[in-house]
């Protein structure tokens, strides 16, 4: 303990930067909370705090406050000490309370957010849709964009795994459209650019109905229709409905729906049909690429250059991944 | 050849009953046809005839007639001899022509048909739907029955595998509803009879759009939307649309759609979601039972009691199946 | 702690009904027990209590009593408080002792028991066996029923998973015979009722040798022959021996044995052969149906209507299952 | 044709040695036969002849003789020409008749036979069984050897795949016992020699009931009990019965049965249980080794040194296998 | 036959364009040849001709010429008739002889060749290698390019499946380098452009040793080292050797080798290790994309727009693939 | 606690022999260590000690000493009490310090070591290599033995699983050479003894580069090249290089490399190619046998005769394994 004698208090420090022995203070996101009774018969609170740098667990002993599991997803104010427990960092606050309306909080610090600017990404998506030569495909896209603009711009791309931050769906979609544009040129003899770009825009639109979101906009769970039908079905059903309302040719409606229902590639990964045309194949592949590159980016955050990740990475075939020493031109 | 000296000509004989050396004559279904050039430079016709007992291949040498592959699915008149070629029976007609309007043909002989009366099966289905206590589920079923009554009553249940005969879909559906009724009583504490029966009626409704049919009503191929989306998606999409039009509660619509998209059980068998409630589980199981029992029935036709099938049966896990000697009380 | 001030003591309350903060008192089954040393150097007892409603873990601090792991399976008397630890309910008794001979205990409360009356189920099984037209099949069944009557009537159907309660094997067998009777009528053209019913009765008879049981009749483990040979082998071996002693025709003996060794369907699920006749196929399917319906019943107990289970259900393909809101006619 | 002008007639030549253009004459085994009608309306006979060097197909045009498919398995006399058809060698006899009683035929030439002397292999098996220290294991083996001595000595080891020749089961068993003896010494600290050797002797004893054999002793098909129960079950059932009759300790009976039912290693390869003790593991492995080495031996017969096999070898993971150039010390 | 009365002779016509009944004449590649004896005892020649449009089988009756299977891979001159046999087109030449030195043949017509200009592709590869900032990676690439320049420029990319034409390996490599450049920019924060581009160039370099080629440059078979070690091993071994000779840092050598041995993604597809860094992941994905796009291109050649392929496409998950009607802006 | 009143202190006792309640004192290997903060705010040390009998976890409360996770792999001196925590034995030392240079420690007690004498095993390996008739194969082996003699003699055979003790690689190699010699005689008609024995010696030589080792010689982790390339690749690359330096015939080099890269049998177990010749097949099988026998030996250590292992054994198909009661001749 002696080595922490002259400790200072770190204010609103990123959770990922905290180390055992430090003192902390600031606003964080209450990710989860449970009240429990300790072996000495006294109640305590077990919880997890998060900000846009990561998450940490914590315990508050002899807790008689008002926070319960129902407060998950709220902002809180906390102050206390950082400790180490079984080789894991954990928070030991002296004080923990729900944030109040009068508190001045920079929400963008609390919630993980896409590393790119949402407005610019949105502008790119809209420009690209405007560039579609085929009015039918463009029409379906714009109709659904109009209907879901706000959710589409804000929703994370997933509950965990990859793009699980604000604007994650938008970022994932925009990056895929960028790739789609490249491949439509590269394989222009067998690929219809309009179909591929429209489907790249629409492919995850069913996630808007598949997710339940927390007060601060993160995905907290799957919705009932998400679990019973899945986002591939939901997206293709809604796109089909829009196509029928607009009266576009059946051939084009079927192709759009096919690209959506097949974009997970194989049945074992959730595809309703395997990809059966070149555009469907490409859509599957670029979805895979962007998902996995994002998982590498995340894994690299915790892996020093020239070393292997300390944990296996579930989404990357459960491998230890390697961050090359040579990837930085020295 | 000597042993066939005093041969008589069999008229409209079931194809399955013909044996090498016999002579035959009558009307049959032209299943397929190809013209070709023999090694001596002369053209010949290679074809398959079918009736409700089965199929046989045939060859007509030195053929200069008008029949081509485009005539597949038509009725023809043929006469000639039954031969054996590499342990397979084949037809060697002297004469083969398309049937004419003035020919009097008993079509029911040509096309395989369900072993039960279609009107009685249809009446059973309607009575059972009328017995549903839940007006919402009943409403969706009746709406789709009204829309597709004729196709639903006539269509085969599959292209091959099982129930590939006229009224096959109806027979399969009616038998499953009968089972559903039994299980709804047996497990009444956890099963909603109305949901299970409605979904039993609707589960294969998407096949009406998945199949292409021949002039005489058999399934000749899969449709474009059948291949790009599949009958689980198509059925659930249409049932969902009907439910929305009728304004039934969302919970019930979702359950109906879930039972339809999950009725193949596992992703590897085409299920869009695995069954997640008791009714979905039961629907999957009784679909499996009726399909496999029908395949046993078909396989037994070619298997003497007390023996194993001469061929592996693809749909029954590619096994040689056994027809017990004891299944007939002697 | 303040909120539990006026607490009353619940007597012999079902464990599933207890909530944190309550006080309890009564007789329970000691499912397991371990003595340990706490970090303060004092011994304590870690244990699990069970009754027919479920199980709960518990800890008794500063324990110097006589209970050890060897007492698992005995009845105990306990009194104390219900607590919460890491979102799990646990028992914190002040007092815990083995039940004595003079204690008056309602054993049916302690041990999970089939929801149907054992005598009535046994009567149904016997009547149905009497109804078999084939004296050979009936003879084998009655011979084994005579030999194992008491065990057959009492044993659970499994160690965990499904029907893991007293009379579980009987309940599972009786329900399957009920289904077998239905299907024998439905598919009477290809199914021998006597064979199917006899095999439904016999199919799990090998479990009598496969299980080790606790003093109160539950399955505590697998026996040595159970692990080295399995209940499919054991059942088919014993049924074959009985058939030989009775001198029934070899064809019938082989069929009975085949149905027993194939009733798990696929090699990966433990089947020694895949089902090769219609009766074997049906036996496999109805075993699957009754097992899975029982798992849904159990999972529904902990799942409110209109919600998904909080845990994945291992035996149901490791899915979150859904208990429909609509399954109760409101 | 010109190049075969001065051809001589090869008498009783091994079929494998015949080349297109040669003339042949002699006694062979009729493996199969089918009568058929050619496109010119005339009957012909399609057949396969075999001897201990291999098999060849053949055709006899304008055939009016008495041979039918029922004569398969008989010896025949044939003379004619060797031809080539679609890169396959085939026989074109002028003459083909069933062998008569008065014909002097060296049967050992017709039927493939183990490359080692049967009597010496039998003597090795008996000496090794006599060397078992454990009278219980020895007793079970000798009892079954006594019961099946002749069949055990003569039967092939399989229908195809490996050891499909007379005395094949004996050769496979003797070689495995030789290996078992080696490994029992190598791992003497964890392996019971008597158990391992007894099980090596017994492991395929169920094949005696699993196979149907042709008049000349080859395996022509699987028996009904072979298909419905399999040789692992049949062998373990019979060994168990013998053990009970001899009253050997239950532990030893269970171990013998366990080694028999587990010797295919994994469920997907037919094992009823996976190997659970060191002896069971070894038995599985040495069965695998001897089976695969025999398949290499067979494949090498058709593969020149320094080349790959022309066909994939089904039993060796469907690979092209390589016969090293270096395996012959030059 | 009547419809071909006034037939003209097509000279050097692409094989894919020939239809039954036409006459043809010209130079083609002899893909394979076999002499055989017909049922009338006369010899004939069975063969396949190829040009850069495809392949056709043929038969030449009563053939007494000099061509044997050893002439496969040579150019021949043929004239005769196009016929149809069992729904397959086949050639029936009157005349077939090996091409002679004095014949004037346009070889580029005979052998399938990449659709892009080889020199321009080669220039692109060299310019791109020159653009690598890292002299180590660049050095290894240039060293191997120098060593194998001619083979690398000419070899097909495969024996069948995809890019099985002259310059196929170059075309596949150049396209992948183009994609690599795009992705290195898109994911520049986690991807080392030099490593990715170098590995894209090297990834299939082992194929130069894995293939055996025919006289005209196509892949006729796998080499011995190709079958015993595989091109992933061979390429990584050679690249490693070159890296050691150049003395580049071990980290870079390991990364290059890792990208080569992992570029098939999963062990079941031949990867020696799974991809463990972002560059390895990308290399695997872009290899997959270019392979599959090429298979779509080939499959589309035989599939009319708006229809499904007539055959399942083995390399595309054995699916019927669909060529959209909408892919051509009308 | 009373029952431990008159306890004595056990000195340098094997960890596996310690039981709760005893006192201990002596030198052990520090397997791992972590400092942490307890819920009372005081630091403690969590660690694992090991010796050649096994491992035990431990905790030291109120720890202010110098030991950190960086000391893992060092020898320590410890004294204290053995306790039980949640049915697991754990150490509760009063005292724990790093061993000093002046301490007299029998290192062979601390580190698990092969049960056979290393010098005798090494002598066997060298004699056997000397017996190779083929100077080429012998040359490659001796060259690599010379280069790696010390590591080869000392290294464990694995990080965990099997042969994870000093000299484990040598013991595994020697035992496999012994088996190879046996099989080369048994199947001498198709097996080249020199090739098989050379590859048996070389098969795991790549592990010398694949492992990182701790100060006391155990495998602490995989090296970077081990993870990026694997020991099959590394071994075959090095053997190939040696073969090239010695100028041995290419055929022999390829065979050696093939046996090394294929010795894991199937791609899913890490084989780069499947075994394609008889020697490769045998090498795979005997590697499997020796690995699994060693796992049985280890599992038997914790399993009383006549009982099943208390835990599933991961490496043995995750089964409970059985140690026969009969394996000891009483």
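Quick notes on this one:
Think of it as A, B, C, D, E and F in the order they're written, each chain with its own count starting at 1.
Operating definition for what follows: a residue touches a chain if its C-beta (ideal position, glycine included) is under 8 Å from a C-beta of that chain, and two chains touch if they have at least 3 such contacts.
The model shown is predicted, which means the values in this text are computed figures rather than measured ones.
Contact with subunit B and subunit C alike is made by A, D.
More contacting C-beta pairs link the chains of A-E than the other of the two pairs D-E and A-E.
In this assembly, D is the chain whose CA centroid lies farthest from the centroid of subunit A. Taking each chain's centre as the mean of its C-alpha atoms, subunit B lies 43 Å from subunit D.
Look at where the CA atoms of subunit B average out and do the same for subunit F: the two points lie 61 Å apart. Between the Cα centres of subunit C and subunit D there is a gap of 47 Å. In subunit B, the positions touching at least two other chains are 224, 227-228, 255, 258, 276, 308, 320, 322.
This structure has the following touching chain pairs: A-B, A-C, A-E, A-F, B-C, B-D, B-E, C-D, C-F, D-E, D-F, E-F. The part of subunit A that touches subunit E in the complex is made up of residues 133-134, 175, 178-179, 182-183, 186-187, 189-192, 195, 249, 251-252, 255, 258, 266, 274, 276-279, 281-282, 285, 288-289, 292-293, 296-297, 300, 306, 308, 316-317, 319-327, 329.
The part of subunit A that touches subunit C in the complex is made up of residues 34-37, 39, 41-43, 46, 224, 227-228. Subunit A contributes residues 1, 20, 59, 61, 83-87, 92, 308, 320, 322 to its touches with subunit F in the complex.
Subunit E contributes residues 224-225, 227-230, 232-233, 236-237, 240-241, 254-255, 257-258, 261, 267-268, 270, 272-273, 276 to its touches with subunit F in the complex.
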